[in-house]
């Protein structure tokens, strides 16, 4: 049953379970979310105490929230956190006061250009309280006395993150990271969380050349914390992707690692080029998701960011419209396939040596070539055989060859297997 | 008389003599063809015994054919090798049998999309027999009993090839190679055979910086054989071209050597850029003519392929339409001129040192500059003088300078001679 | 008063003072011009004796002219040097003769395609005499006897040039050079002379990282002479520009140094890209102004040529139409601003080291970041802070960072100051 359901549907169902939870960079919302994931993959859940020094930062106090509302002059609840997690400014400190409209407005956040939507706002590192609401409602607020109530706590506690390490044949690692701090935003980033969960499940079942590390962490402070506590381990990271924004209908966007021409950069571009999906590739910029930390100059890890629509580029971004209607199972499914193909390229990107480098070997006598010569149908497989032979000189990997030949990696890989099987290639 | 006739006409006349001969990768057709060439240039004709190991291959048995026909149910010869060499599957083994139509059809080759043409088909390395015919005729074949007869032999013998070595001032060689195995195809490759024959004749008459080696060889097995028997000599090959498809009306096509930026690649591109003819340049691919062998990774020789229409790209390719009407003297002539200019660039591509590198020398006092200054006519020769002076710093050859200056090589060469004559340049 | 007037107006006023003087590559015209400049900047005026060997050249004899005219058959002066300096072929030797029309015509220079304009012509290195006149007038000359009179001298004397050296904090120099040999041509090159004069005045007032050398020299022979006499000093030249053609209405043209990717090349391109003005950039060619000598292979200095309309590209070039109407104060002003910004980039192009290279530092606690997170307005200054942090790895200068970030140098510089002030960056 499980196996026959499209993975996109399963990814979507997981996102549905996670959507109602109010997450932040710390607190029970993260813990609950990780517990949900633990039903899918055997996650290690780490707790890092508030105040722990992590490079230039300190792990912040833990925030938890139970209730938050605003009563209007007429006494009715006009904003209520129970109706939408986004209504409260994330990391709001507790308050219970009666205040006038103008004082209240200094604590209200809206989107004047998208007047029906609730914005997503946070104040992690500066104590504040506030509410987010549709601009339409904001404009209709009457003069009078308001009662504001936020039952939250901001106290020493922990930063919580999930980690799943899948050992492979070598210590070289592929890092996949998703941020898990956004409350009730579906594309950003339940899509990424869900995709990595199912990617991990699939990789559990395979022979792995690389080890794989999956991180489910709060944005920014989570990656900083992980890097500070695991600096030694970063030496093993050979390839990596930050996963986010993977359920919307947009074309794919790949933001290269800071290195710009790392194998992961070339692998993702190769897969996208042959995917049949629209895509664009952009150079690294020091803004975006956790690749900002992985690609800081002191680490400079080969980690890119593979999304569909890019960071901040779609109207639903960081609003109440980034919901379970915006994300669709078929888009999650396609994204999953692209990630899987990237893994296949990384896993299969070996180099071979042509054992018969002087002139072409006689493919025909090994059953690798057409018997009737003289006609010009350049068959893809025959071309792949010739490319692999011609470029297996010790300086080209299969990905190099696929790029040079302009054909899909899988075809070049298949050609290399046929040639190795015929004794014409040896792995380097 | 000989000198006044356009070389294109002479090249065409040679192609006319060679066209009726039924060539293959071995056999009397090749021998007869090389004897024809020997009347033009003092070719060495080499015979390599069947079975000789040449890298991964063995020299095949020698194939000769005398007669081949099919009689229809009515007893008349409906296909006859005497009418067209292409009618027989090249390397067909002998046969004489009566068979039904369906069994016959398994041995017939046609071009359904070009129903009037006879295809060119071979079966060198898998014993088979067959006939090639127009699809129109094939479709009209009646049921009934057919008599097939092929009087051929496939026996131990020799692989035959022609070689002409013209020594020059240095041991560095320019390799020119043409395949000579195609029966009654004019563009592919009597055009190449003919062009190289007359290029060799012309180079006999000149002072040569380089030595020149001309190969007239069967495709694939011929270059493999030559490389296997002459591996030592390949060290001297500094530049090379495979000549083919040089008589059709198409624009020029240059396929770069595997190195991609060898001097031959840059020389050919330079000549084509300034030729006034349409042309395109493509990167190396491991498919095509004998450059496949010269550019195999164990040799990686700087050998490109300069044709007019490219391999497999024109409808007449490998059909009975690639005949003496398709090839025209004026196209052969233009191709010859391009090859000659490439040789001129290779021969003249020296580097010089500016003996007065600090500031410009005073060209006026040496008669190398306009007397009346202040006007802006940038004359091509004056610019060439300035470019040669400015870039003759030990790091730029004349071809480098011509490319950078965007002017024809001959002009830069002329400027270098004037400057050397004035004592301003010294050869490096 | 002086400070409040736009620099463009002051530059134009200087050009007005210089325009009537008849300059050449030697002689009183140059001396008078340099004396005018000396009222603005404390120029050193150098006199180099005729005959001095300067590389392949010798300093020519000094030319001076007092009077020059042609009387027509009717006895009236039909051409008179007093009416326009361009009427006489520059460096004409003295003459006083009566000659017929056809002999006269061998000494007349016109522009048939611009029949109303007087051309600018010289004959420095070949003794000659001549007159320049509108082609319209030339065509109407009647048959008859003409009286030609040139009261000039061509005698041993000196080549005169001006030099102003402004020491800075280091010995590394920025070289600015303008040719001062053209008589009564406003754009070519009073615009360049005037711009450098006011640039020097401005730089006098600033703290300077670099030393600055301003040359006001006759074209070609002046730069050759300076280079021959100051070869040692060229080692200190880190950046340089030849200034000319800076008062016309055309877009900017930057001709790169021979090196092609020197810091000066990148600085000028950066400034032009962010200037809002139309511009084009071209590779070095060995023709043009004194960059020909500075970029000769024996020196290969990083010196480009920054003009508005380029050398020889506008109809007024080297004619009487290159006058004070063609040059406008606002164009001079804009050119000045571009030169000033280039200097600002050169002066400010330091490299820093990120002192917190592992992950991003917490900008918020230092007042360098927005307090309310979650919204996507990528503010330019915040991006600049992130770029400087990310690329300050010891391998990128601020100009490198500005180019990579695609933002103006000044913004990156401002970000670097803020970060250095916060203790996050250290100069390298």
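For reference, chains read A, B and C in written order, and residue numbers begin at 1 within each chain.
By our rule, a residue touches a chain if its C-beta (ideal position, glycine included) is under 8 Å from a C-beta of that chain, and two chains touch if they have at least 3 such contacts.
Predicted model, so just to flag it, every value in this text is computed and none were measured.
Enquirer: Specify the angle of rotation obtained when superposing chain B on chain C by their C-alpha atoms, rounded to a multiple of 5 degrees.
Expert: 120
Enquirer: With touch defined as above, tell me whether chain A and chain B contact each other through largely the same residue numbers, more than half shared, or through different ones.
Expert: different
Enquirer: As a quick test, compute the distance in whole Å between the mean CA positions of chain A and chain B.
Expert: Chain A and chain B have C-alpha centres separated by 54 Å.
Enquirer: Can you list the chain A residues in contact with two or more other chains?
Expert: none
Enquirer: Along chain C, where are the residues that touch chain A in the complex?
Expert: So the residues of chain C touching chain A come out as 354, 356-362, 364-365, 371-376, 378, 383, 386-387, 389-393.
Enquirer: In their shared complex, at which residues does chain B touch chain A?
Expert: Residue list for chain B touching chain A: 54-57, 90, 109, 119-126, 128, 220, 223-224, 227-228, 231, 258, 285-287, 292-293, 295-300, 311-312, 317-318.
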